[in-house]
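Think of it as A, B, C, D and E in the order they're written, each chain with its own count starting at 1.
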Amino acid sequence: MLTVSWFVFVLLAVLTLGGALGVVLTRNVVHAALALLLSLLATAGVYLVLFAEFLALVQVLIYGGAVTIVVVFALMLTRGGDYPRISDNKQWPLAAAAAVGLLAVLVPAFLINTPEDTQAQSPAFSELANSLFTRWAIPFEIASLVLLVALVGAIIIARSGRDEG
Amino acid sequence: MDWAWLIPVFCFAAAPVIVVAGRFLPGKGASLSVLAIAGGFAMFWVVLAGFLGAGPASNDCFTSVDTRALTCAFSLSWFQAGDVQFFWGIVIDPLAVVMLGLVTFVALLVQIYSLGYMHGDPRFGWYFAVHSLFAAAMLTLVLADNFLLLYVAWELVGICSYLLIGFWHERPAAKEAAKKAFIVTRIGDVGLLVGILLLWREVGSFSMADAFDAARTGAMSEGVATAAALLLFLGAMGKSAQVPFHVWLPDAMEGPTPVSALIHAATMVVAGVYLVARAFPIFQAYDADPLLVVAIVGLVTALMAASIALAATDLKRILAYSTISHLGLMMLSLGAFGYTAAVFHLLAHGFAKALLFLAAGSVLHSTGEQDIRRMGGLRRVMPLTALVFSVGALSLGGIPILAGYWSKEEVLAAVGYHRNAAFLVFALLASFLSALYMARAMFAAFFGATKPGLEQVRDAPALMAWPMVLLAVLAAGFGWVSFNWPGAYDGLGTFLFFGQAHGFKFTWWLGILSAILAIIAFALAVLVYVRGADFHHAARARFALVIRVVENKYYFDEVYQWTVDRVVLAFSGLVALFDRAVVNDLAVNGPAHFIRRLGFALRLHVTGHVYSYALGMALGTVGLAIFWWLRST
Amino acid sequence: MESFDQIALLLLLVIPLAGAVLLMFAPGGRASREVWLFSVFVAVASLALSLVIFARYDYDQGGFQFTRTFEWLDAPLNIDFSLGIDGISAPLVLLNGIVLLGGVLISQAIRYRTRDFFVLLLALGSGVFGVFAVRDLFFLFFFYELAVLPMYLLIGVWGSSTDFGTFLRTKEYGAMKLMLYLIAGSVLVWVGILAVYVEAGAAGVPTFSLAELGTLVPEGQFSETFQTLVFPLFLIGFGVLAGLWPFHTWSPDGHVAAPTAVSMLHAGVLMKLGAYGIIRVGLVLLPDGAANWMPVLISLGTVNVLYGAVSAMSQQDLKYVIGYSSVSHMGYVLMGIATLDRVGVAGGVLQMFSHGIMTALMFLLVGAIYDRAHVRDINVLNGLSNRMRVTSFFFAIAVLTSMGLPGLSGFIAEFMVFTGAFRTYLPLAVLAVIGAALTAVYVLRLLARTFLGESDVRWQDLTDAGGMEKAVGGAFVLILIFVGVWPDPLTRVINASVATLPGV
Amino acid sequence: MPSLFHFQLLSAALFVIGMYGVLSRRSAVLIVMSIELMLNAVNINLIAAASHLNGIGGFIRFDGHVIAIFVITIAAAELGLALAIILRIYRNRQTVNVDEIDLMRG
Amino acid sequence: MPDLTANLELLTPEFALAGLAFLVFTADLLLPVRGKVVLPWLAAGGLAGIIILSLLMLWGENQTLYDGLLAVDDYSLFFKVFFLGIGIFIVFASIDYVNQFLENPGEFYGLLLLSILGMNVMAQSRELLTAYISLELLSFSLYVLASHARSSPRSNEAGLKYILVGAFSSAILLYGISMVYGTLGVTRFDDISAALAAVNGVSPSLWVGVALILVGLGFKVAAVPFHMWAPDVYEGSPFPITAYLAIGSKTAAFALVLRLAAEGFVPAVERWEQWQVILAVLAAATMLTGNLVALAQRNLKRLMAYSGISHGGFVLAGLAALSSGSHLASNGIMLYLVGYCVASLVVFAGLIAFFNTTRRETITGLAGLADSRPFLAASIAIGLFSLGGLPIFAGFAIKFYLFTAIAQAGFLWLAGLAIFSSLVSIYYYLQVIRQMYIEPASDGQDEGTGEPLEEPVSTVRLAAGPSALLLAVIGIGIAALFWIGVYPAPLLDPIEAASQAILP
């Protein structure tokens, strides 16, 4: 059991990080999109390991589905014939340094205080839903407004107006 | 006598009235000015009478302990500054009375003379306004009972002299002369002011009486006494044109001649002598070292000026140098404890020199000529002027029984008694020289053959004549006031040192010696300028170098000019440059520019690329996280 | 009359300010003549008020009078709008009234944006009144900045640029420099005020009220080290405005750029704010610090005197000469304050008054000359006394005052400063006396070059100063002579408060 | 069984990688994708904490999950809006390359 | 499960505001093009109504909803009214601009309203997630509004930069939240402070988490080094939105940060005392960078951006000075925010009016404004003077208050630095004023700086002159500036109450 969960975790972690690395390193946008998809799905797997089935589901639906599609569309629409060779900018070494630096801060921070550990458990959907719609009602409603804003904004910005013939 | 303060007030009142409303008054206000000074002169007699009448009994009057001179003081508060009270007040003692007489009388005569002399000048009214102001200031100076008031008057006479020297400021020479006169005297004034403040610091009051008591009783430390005396003397040197501050007086002759007569011969220039005489107790305090300095300076001045006068050819300049030389003699006499002699010579010289200037003025007025080499034989065309000039010259030259003779003899006597032989020898030399140049001027100008072009000139008008005559009388006969008239009055000295027997003592051998010298001098002059003997050319040839030095007035002006141009102005130019280049451009604009540059440099960190913004944030994040962590543990 | 005393100072502040605001929003306030008349009216009212206040100040009683306090912000900040003048501020209030009226009167000829000009001028005036009349650090600083604020536009818009061959001084430069300089000074002052406030708060009395802070001083709430550390902030901060060397260069450049009326107010009144601040804040709140720093101040003051005089000698521009002479004369003020001696401080205050009138007069006349000759170069101008008789006469009086000629106010003030300095710092005092003599050099040089002598054909048709200029100038001359002959009315008022300064 | 720390390690690594992407990529689209990675890291962190630590020290149960849901929502919306703006820029400028998009700087 | 929604009615204003937004959207759909002019009036009127509603309903309320996620107290009421008021002014300031230069007015105003809703909730949220969501509501609206001028590449670029950097920062913020949650398990401010006080020994992930949260918020308030987006976004956005960014979003972010600090950190006293200096350093860097870089700007929007950054630095300094003991700092912050907003509003309104008539947005473009449009010039000048902290305008009083608070908290050095940097700021404000008042008018083709104008679009018609509405807005703003500058006491009463609410 132990070994299995470990095996699964490591596998998923490798997939997640690998996908992520693919996104940030590859020279080919399409590959990047696919790597993103991979990483997101692997993340859903991680949720499963954490017994967060609902979130895993959401993850697969929203990311695996919607997000990736949108991204691919965006890639298609903005194709400038320069796809095979998208390069990084000049400051990538600094970027790497910053990233490593942050990692060097985060890891010891996590390492130094880990509260005593318990078995991961999964919430019942009902509890989740309950707290979502009672205690978290206000954020929920505001979030809906945020979505509305995003919607309206996306429409008026992206749609072709009179200014382009 | 309580009304003595009115004397200056008359003139003070007159001046502004003339400036503002002069043009509506008769004679453009000149009449007012003359009236004021005349009133002053009248008041002088009242005061004199009152003073002679007053005894220690009368209020405000007391007999000071050492000189035992009767002094009457009237003082009232001027203003209170912080914890210091300033007063103005007047003191009437023999010295003040004597000076009052001199100033009011000469001023009156000169102003009357000026009515004629300045007639038709565009700034006629202005001239008299300043004259009244000067008279007022001079009288205040004479009467002041505290050093502050004295300094006030001192500066005021200075500015008046500035204004009158520069009266014809359209002449560049006059303009420069005025500036020079004021600045040179101002240098001395620094000493005076510092001295006054030093005395105040020591004594705690500006009153002269307090200062003198402190000096007498030893309340004043020797150091302060000496320093103060020397500083006061510095001021006196400036005003009385003692070497090396003498350079301004000859140039001051650019002013109208009556001005020279009044200010630069009879009154203002003797203020220095007056100051020393007034502050005598301080000079005398302890072992009277300052007086030695006074004597030396006086002697040097007398000799130097006399020698220059001998070489000068401009009539007024000759008189100016003679003034300097005689002022030197007075200082010398003071330096030799010859208090009475100094005052006596001051008076005698005052009348005589005023007379000489007025006479020279009348010559100038009639002939427009100042150079004695182009004069000659004037006695035929302007006999009166010639006569009075001769009287003055003889008197100053020290021809016996004339006033100058007695006063000079007194001076020599003082020197002879109190200073060593060297002083006496040089003093005799100085008096001989003074006789010589007086004789030279007199004979060269008025005797000998009449120079062509001078035949038609006419003598002075009455307005100018009468003052000269009056002065001539005094110049001739004034000596008699210093004699002892047993019973009635025993001598100027006794008057000055009230009660104390400072009677007139005639020192026979000195008297005869000086008389002989004077006569020799005049004889020489007659030989050269009337008989036309010219052995002096040989002398000129032999002492060419000396002569040139003397003719160039010992190069004082050149040295000063060089100093001003090359040192003072250069330095100030340097400072101005420093102010702009260093203080302003470097220290002020520098940081400002630096900050602006910094702004432009920092501007570059906003590259316009999103990812560099994000990079900044990322680095900031790492830094903030670490910082936070460190602070929290 | 009691009720009058209650509101007198409030009126004093409000009248010019209200005048400015009214002017700003006056309908059709663009006709320059009406604007001018209105401003004259306001200025006359202020002058009358300040005269009454000065006259009604009871110098026997001394201390602060006409006091009135309004709650402004209560805890936790504690700022009161409290008014009151003492014998030191009373003459300065009067001075400001006089100079303000003079400045307004001679600005008759301003045609360009007249309304704005007078709005700013009046605002400046009320700011200065405020500094002299308030007794709270916040408001002191408030009005201090209010007085500085209009200067930028006044100089920048109505000023003039001059090319001196070797270097150029534009009005923008002059204005910006003056503004930044004065505000830089106020930065230090501000920090100092905050420090005092914090220290007082530590003592349990967090307040800006000078009266309450003053009570802390004798209790020794401000330790000597604290005072010694904080005093330089005030010394330099206010000193900048007082033209303290080496922070003086803003002043001559500002003058060169500024229009006449502004120069008058700037040298006549504005520079006094600095010296006043040093007394009112520095001496009163930090006596120990003052005592420790005074040797520095008096040395710098002496440098001011000599440095200003020496650099004035070789200036070519009339305004530069006067500007540097101002630097030199403010040196006497600073010396007087630094003596911490009753005569000396009183002399310093009197010198503020005398110098205020004197420089105002000088700039007025220079303005009159410049308006007609369009040059200020003393090598180009000459023989003006033949063409501009009255102007030259007034100018002579002014410069003679600056030379310390007895009978004119300058002498009294300088003499008092010397007296004080002789008691405390003998050697420096002697130097200062020498400085006074140096003044004669450049003053006479100026007179000789510019006013005496024959005038070129170029100046043949120069006309004398206008009636208004003559009137104002004449008034100033009379004041100079009056104070010079009978300073008692001023000095007795000043004495009343100088005596009560701590540490004096 | 992997403990909380391992999950946090995973999320930290993911977050950092995403950050590197944001800092180093040129194409605006890829930057957006990298940001999505970072948000995923956030979610992993939240959920791991929520499910490991519930019941301890005053935890309200499963807040982490709730927050994660919000994060996902916001992330999706953000992505959509960002891509819309990118499209708009592409129409106007024919590029999505962020170092050509620097009309304004300094 | 307790009844969390017992007092739901307290949220009526928020619901009303959302409803208003929907109303505007639908009206925009239904109305004919010509009729859309009513939209802004609808929005403004609605906002005014909601202000009255809030004041009537919530005056003196002090309750929490939803288990402490939201607070309805004086603090939130203060900022609610404040934000709604800002909204009204922004709407008024936008009308002409929108008519001239923008499409989709309905969306414009609707999104504006929604963003105001976001700001309100930010001010009253007492829990990290709620705060974050409402922050995102504000940000999303601003992303859209910033890129609202679709045809303008600058506007697009602004939107892109804003959303990319914004998303990045929100990711960091979220990660910080997740770390705090992962350590403490709570996200409510009061729980956090309790936990902080309880945490003994090391808990670095908590501290790093807090740091990351600060990064996210620092982005919002444009604190150095998270500020670089600001100038570009300000420059690219439509002018009213630039104003809105400078005034609204910054203030809202500070409202959030202030509550977070006051309720989440300050009560844990010893922790807070450790952390204060961090904020102080951040503040110092921010104010200096903002002011220094502003010196080098040519574009008015960028200038205002950098000046905004520096003002943010001042407020951050105020945050560093927060202490559980006194309300001085929190009062100072709120007062400063109000004063800063009013001043910026005046400036921006003037600049917008100027832009509407000339399409110029460079500093040199302003040359000669004082002659052509004296009122605009005067108002801009007054606003700038106020921002520069010169008296009788708000700037002086608020700066004095805030800096006193900073000094009182023991950060005298920081106060000194702030004072110095506001000296620097005066320089560039004066540069603008110089253009308006001193420089002669330039012909508009070449503005001397090579800063290209937006290429004129033929369809755009320039307004003949500033509309009466804008002038009214400016007039009210100036009146407010004078009022705050001369007598802020009335304003301080509600502020004091607000401080009381967050710092009992």
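The rule is simple: a residue touches a chain if its C-beta (ideal position, glycine included) is under 8 Å from a C-beta of that chain, and two chains touch if they have at least 3 such contacts.
For clarity, every value in this text was computed on a predicted model and none was experimentally measured.
Looking at chain B and chain D, the chains in contact with each of them are A, E.
Of all chains in the assembly, those touching chain C and also chain E are B. Greatest centre-to-centre distance from chain C is found for A, with centres as Cα means.
More C-beta pairs in contact connect the chains of A-D than those of the other pair, out of A-D and B-E.
When chain centres are set by their Cα atoms, the one at the greatest distance from chain D is B. When every chain is represented by the mean of its C-alpha atoms, the one lying closest to the mean of all protein C-alpha atoms is C.
As a whole-number value, the distance joining the C-alpha centres of chain B and chain E reads 78 Å.
Rounded to whole angstrom units, the spacing between the C-alpha centres of chain A and chain E is 31.
A separation of 26 Å divides the Cα centre of chain D from that of chain E. Chain centres here are Cα means. That of chain A falls 103 Å from that of chain B.
Counting partners per residue, chain B has 603, 606, 608-612, 614-615, 618-619, 621, 625, 629 as the residues that reach two or more other chains.
Within chain E, contacts with two or more other chains are made by residues 129, 133, 136, 140, 143-144, 147, 150-151, 159-161, 164, 168, 172, 179, 202, 204-205, 207-208, 231-232, 296-297.
In chain A, 89, 91, 94-95, 98-99, 102, 105-106, 109-110, 115, 135-136, 139, 143, 146, 149-150, 153, 157, 164 are the positions where the chain touches two or more neighbouring chains simultaneously. Remark: the chains found to touch one another pair up as A-B, A-D, A-E, B-C, B-D, B-E, C-E, D-E. Interface of chain A with chain B (complex): residues 89, 91, 94-95, 98-99, 101-102, 105, 109. Listed in rising order, the residues of chain C touching chain B in the complex are 167, 177, 180-181, 246, 249-250, 253, 307, 310-311, 313-315, 341-347, 350, 383, 385-386, 400, 405-407, 411-412, 415-416, 418-420, 422-423, 426, 429-430, 433-434, 436-437, 440-441, 444-445, 447-448, 452-454, 486-488, 491-492, 495, 498-499. Across the interface of their complex, chain C is touched by residues 326-328, 331, 370, 374, 385, 390-392, 396, 400-401, 403-404, 407-408, 410, 412, 415-416, 419-420, 423, 426-427, 430, 433-434, 437-438, 487-489, 492 of chain E.
Residue ranges of chain B in contact with chain E, taken from their complex: 595-596, 598-600, 602-603, 605-606, 608, 610, 612-614, 616-617, 619-621, 624-625, 627-629, 631-633. Per the touch definition, chain B reaches chain C in the complex via residues 78-84, 148, 151-153, 155-156, 159, 162, 166, 169-170, 172, 175-176, 178-179, 182-183, 186-187, 189-190, 193-194, 197-198, 200-201, 568-569, 571-573, 575-576, 579-580, 583-584, 587-588, 592.
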